[in-house]
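Multiple structures follow.
Across the two complexes that follow, subunit A remains constant while its partner is subunit B and subsequently subunit C.
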Partner chain A sequence: MITQVSDSLYSQLIKTYGGNLPSAEPRSLDEIRKQAFERFKSTGFPTVKNEDWKYTNVQPLISQHYELDAEPSLVAVDLDGANIPQLDAYRVVLVDGKYHAGLSDTVDMPGLSIMPIDQAFERLCFAKYFAEFADKTDNPFVTLNTALFTAGLFIEVGKNTQLSKPIHVIYVSNARQPVFNQVRNLYVISTFAEAEIVESFVTDPQAARSLNNQVTEIVVREGAKFQHYYLQTAASQGSYLNHTEVYQEKHSLYNNYNCTFPGPAFVRNNINVRLGDSEVESHLYGVTLTADNQFVDNHTIVDHIHPHCESYEWYKNITQDTSTAVFNGKIFVRPDAQKTNAFQQNNNMLIGEKSAVYTKPQLEIFADDVKCSHGCTIGQFDNEALFYLRARGISEAQARVLLVHAFAFDVTSRFANTVVREYVEHLVEEGL
Partner chain B sequence: MLSIKNLHASVDDKEILKGLSLEVKAGEVHAIMGPNGSGKSTLGNVLAGREAYEVTEGEILLDGKDLLELSPENRAREGVFLAFQYPVEIPGVSNINFLKTALNEIRAYKGLPPLEAREFLNRVKEKQKLVEFDAKLANRSLNEGFSGGEKKRNEIFQLAMLEPKLGILDETDSGLDIDALRIVARGVNQLRSQENAFIVITHYQRLLEYIVPDFVHVLYKGRIVRSGTKELALELEEKGYDWIKETVDAEKAV
Partner chain C sequence: MSTKDDELLKELALEEYKYGFTTDIEMDIAPKGLNEDTVRLISAKKNEPEWLLEWRLKALRHFLQMDMPTWQNFEHPDVDFQDISYYAAPKAKPQLDSMDEVDPELVSTFEKLGIPLNEQKVLAGVVAVDAVFDSVSVKTTFREKLKEQGVIFCSFGEAVQEHPELVKQYLGSVVPQTDNIYAALNSAVFSDGSFVYIPKGVHCPMELSTYFRINAENTGQFERTLIIADEGAYVSYLEGCTAPMRDENQLHAAVVELIALKDGEIKYSTVQNWYPGDKDGKGGIYNFVTKRGICKGDNSKISWTQVETGSAITWKYPGVILKGDHSVGEFYSVALTRNKQVADTGTKMIHLGKNTRSKIVSKGISAGVSQNSYRGLVKIGPGAENSRNFTQCDSLLIGDRCGAHTFPYIENRNKTAKLEHEATTSKIGEDQLFYLTQRGIDPEKAVGLIVNGYAKEVLNQLPMEFAVEAQKLLAISLEGSVG
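Here is the complex of A and B:
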């Protein structure tokens, strides 16, 4: 399928990287990149004719011009937007996708490795896991990322290691000219390790437009536990395509808390969780609060492959003004995945009269002894509740805050980290 | 304290109140009785400022201030409190957080600083005792999972916490068993003072045995057609609303 070869970004990429992909040792990576690039060349960027991109038109993003491999700007970086009050964490900062040692904490904890991904190419687990998961999907942005990424983060939490505090990864857009960033991460949570990673996306107020195509592969090994937070708080000049591919081994736990707030013009998150063995547990929570003309799309896949696994997914969207939110929740229960317990719930509150929500629960169940339930609601402010609160002296604005908090409560109350939870509740309040 | 003059109000272009006048002075309890559809609840909702009710004529003054000019929240801050006939359940909003927000917004309106946490909790305890409302509030959502009686008691508890000038009880007795009724009435009686006033809207005389009113008004077809003392309620109980309907309709026919 050849699509719109006339895209400015597409032709720019082909012209720049045609026979000239980023290269480094080992050779095996070169081969992976080459194949990925060929795949991308044949598919091109997705269009709205593709079911997975039906409501998500990337054409306006890719018809613009970007600097492809911009040198990091040397101007000061404003990180205030990423500060989470009271959060004691190892801080890791990526400026325009590139690891910034000066702004990052030096982590000296046995069993924990954090480094720029290009320094991890020689590692055994890199060879074992890189491009093993995300590239099995048919997301053209993943193949593009595999072919062309030059920066990103490698985190390995060693066997039996329990992190005493979370890792706070901050992605800041800082470039003063329009850039196309491709960040590639690989996180390996080793057997019986426990980790918590909080990822913030922010924009320096001076930054120009940016398009960010990020791919994160995560392996949660046997008996490991991983709490993973996404806090999307970038500004309107930022557009994000963020693909997260999680592979879980036996007895592991993966919790994803995916929060998006007013700001970035365009956000597309793909969060795919493969429950790769039996007795695996996964939780996906999402809070999306949109404003102005924002577009936020969350596509998730929960893939039950083996028996006796449990997944629990709850996404809440609150749309204001003329913004749009998309939710697509796929749950696969493969023929072997007997005794699966899968739950999915998506609730939407349309505040803006001209805002829109597209939601699609998509359950494909091939096993016969399972428990799967899902629900989906679309509603507005409850005027009775609003009047009740106002009749007690609470201002209309404050009453709205209380009601949106209440709406998000099913999700925010599940946050394991109370400091992050308070921060998120504060952002909800600010975003209204 | 409250002065209602020639009040006309309608819902969906249907006129419900057709020239209602009422004077309530500080320290008084007025009962509003009347058959179904006479406009009792409309009066409560108009006083509280519910948007669906449109006032087409007349005025409402609270200590000289024009209530109709004020938003629902500002009416509450000026001291109007409507105990709802059907209190709303709001999952996710905690009782305590709700009360603290309400109390502090009312205090801020009056130029007072927010209550200290301890002061607030002491007050919660004291008022819970007053209305014998021992539900655990701290971790529960507003009215969620409350029984009918608990919801009504929670209304009176909120009234006790917010100390309004004018309390309007909209059919607070409906759905209450006799014990809950006594408790609610006892709470209201303890809150009565020379500084505040109550309007008790009820269909039955029963509640008025416990909350003894200074005046009883009978509402019919959107107007007060009879006013008297508590004996009027007894007479109504005995003769039924048909008696009112017949005599009033007969007077009109003349």
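Here is the complex of A and C:
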């Protein structure tokens, strides 16, 4: 697992940060960063020999040169790509990972705090939850992020607070030189609160290459409800490693809708949900539409630790051209998690002549009184269905759009927010 | 779970292993240890040609350089390869011509196991048997009758002597010496096994069968099976295994290679009942086997059926390489684990040819504190146009301390391929149990019925004689396991 030290990014990181990690922060954070950096130093970047990275080769990404911790150049930021028609939301903009007050809405809703993460270090719940969850996994990119993040977002939705409108977080890649961004987020949805966050990833047309290593930790406290959307619409200059770690308390609900569209050259999403108490419900939905030479990898873990929980996961991949889609879904049912109901489905549609799909739906079950199932299919356009539509005067292109819509419908129909749903359906149509 | 269930579970754990006896027989055992001399000794004992010795030595050198894998879903036991004897054979005797010359002790051992070596006693004559005692083939029945049709069915050692050209051509062509660490070990020290060759266009008139028996202490069993179905040939082959009860773990690392040429078909069935260890997980066989077949020619077919009830650890993935166009691969498996048994099994289907089809049905049953894993790979190469795969893997959990796991790898690089995979995990339905008990069937029998029904799809694939045995085996293993 140890990578050669000759990796340019690795040696660059060690050289730059070996002696001085980002500081001017509470003492406790210093210690966490130091330990994480030591851990990263010993593991290095993962290689394809590592089971979790079997199909995902990060070597081409990390053997390039990046500017570390570049100051964002704020010459004209183009946000058009992130605009969701008719979405009424609090807008929060991060340019190259850094919170941009000028472009973000001022939020004066009681019970809701949104701030750059470096201003939240003194908050009680920061100390309580930061690095408590994501760092328990053995993802080297998470330890690297913990050690070196300089920017990010802190959102706390207070007790019993129900947000009147969603929060729209926009990540813009804007730097004119190649950058390596490490963004760190912490979202806390307090007891019996309800929140909806939509996150868009976009690229300014003039931006250079970027490698984005983002970690988001989410705590959904007792009785809280959280609807969470990822809309990956960046351009081909962007490469994204996005790790989301969710911890759920009793009676909570977490829904994740993870959509990736043609554009970014490399995307790796890790979405891990730990059902930390009984009577918890989680839903993970995904639509991935790839084109050109894109590589998109979705790794999910649903960890049932306590009894009487339900999880439901449905991922759809549509691959075009020479693109590759990877899905790896793990469901764990721990020995005490009786009466678990876990469902997982992964459907793939290969359209591209040279496109590839690698999927591994994995179940690990240690309790007997459970209902668990998973299913997985790989197929392509149904020629008979195409014929049926064309025989009725529908053009081939239109027929294909219809069929892809129908294929994605199982997932898109679950979207709680109809405005986002229409936007996603529109993007699917555009991406074909 | 009620106390009654617990009691029944306890009973289940104590269910005896009825093949646990040993046979006192004069043995020729090689000293413990593994090095070039061991390999030379085995090769010399078997009177092997030079090329085979070289082949073995090459494998040994690979073996010594290889590391134990770490990806498996169980703690790999420490196997001291120097503390095993790599050759054990009933004391050498001149070539046997008739039944009367076989050691009566051996004959009675196989009779106890229900394997009649005495040809006259086999009434219908539908099964020809090759009996392998420790590492050496003892007796192959019905050889003459098979010979009339040109079928070669003999021990591996004899094949090396009598048909070296066939052995040389196909040995290691499906499972190379370097495939994995246990295949390398087997290639270096294999002592015997079975060899089958079905000539062009011949439909083998009877089921061929090998019965493996580990008897000696501190030995490992390393046999090698090579089956070749020439163009248009058909053969159905059965394999059964048992071992005495011992406190130490014994290693069984076999290699099976199947080759089906154009229009050829091979059906390979296994009923594996090695000693599983006692209820505390003491003793038992480590069953680390490499099995692979290749559908070399167009329209060929290979089908694996396995019923795995024994062994402390079962670790194997019988696979098929679908190279010929329109070739078919099948895998049917029932794996039952209880007490502290571990099974990490499944299959690999590699689609290379056009219009290739594969079907996987895997049924896992775990009881006690056992761990049962399905691990499978379905790979569609870029040239495998219109290939098709269906996979179903179900797990049944009996008791709340056992585990069931699935690790399916699905890799598709062709847009015209269609793949389906489905898996479920559940326990025996209380409503099903109620339905049966309400009709006066006692809970034990009801569980047996349900499990047999659950495994039916796989058991149906077994030849008649084996299906009955397998059904009984499942019933015995499950007696009293109401969940």
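The rule is simple: the second predicted complex is superposed on the first by the 431 of 432 C-alpha atoms of A that agree within 3 Å, B and C clash if a C-alpha of one lies under 4 Å from a C-alpha of the other, contacts with A are read in each partner's own complex, and residues count from 1 in each chain.
Note that a residue touches a chain if its C-beta (ideal position, glycine included) is under 8 Å from a C-beta of that chain, and two chains touch if they have at least 3 such contacts.
Only a predicted model underlies this, so the values are computations on that prediction, with no experimental measurement involved.
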Could you check whether subunit B and subunit C clash or fit when both are placed on subunit A?
fit
With the two structures laid over each other on chain A, which partner does A:Ala385 touch: subunit B (first), subunit C (second), both, or neither?
first
Does the superposition put A:Gln214 against subunit B (first), subunit C (second), both, or neither?
neither
Quick check for you: in the superposed arrangement, does A:Ser239 touch first (subunit B), second (subunit C), both or neither?
neither
Return first, second, both or neither, reflecting whether A:Gly393 touches subunit B, subunit C, both chains, or no partner chain.
first
In the superposition, subunit B vs subunit C on subunit A residues touched:
C
For A:Phe409 in the superposed arrangement: first (subunit B), second (subunit C), both or neither?
first
Have a look at where A:Gly375 lands relative to subunit B and subunit C in the superposition and call it first, second, both or neither.
second
Distance floor for C-alpha atoms, subunit B against subunit C, superposed on A, in Å, equals 16
Name the residues of subunit A shared by its contacts with subunit B and its contacts with subunit C.
none
Subunit A-facing residues of subunit B, complex:
48-51, 71-73, 75-77, 81-82, 84, 87-88, 90-93, 97-98, 101-103, 105-106, 109, 141, 158, 162
Going by the contact rule at the top, pick out the subunit A residues touching subunit B in the complex.
382, 384-385, 387-396, 398-399, 402-403, 405-410
What residues on subunit C touch subunit A, complex-wise?
71, 382, 395, 397-427, 483
Could you list, by residue number, the parts of subunit A that touch subunit C in their complex?
51, 335, 338, 348, 350-380
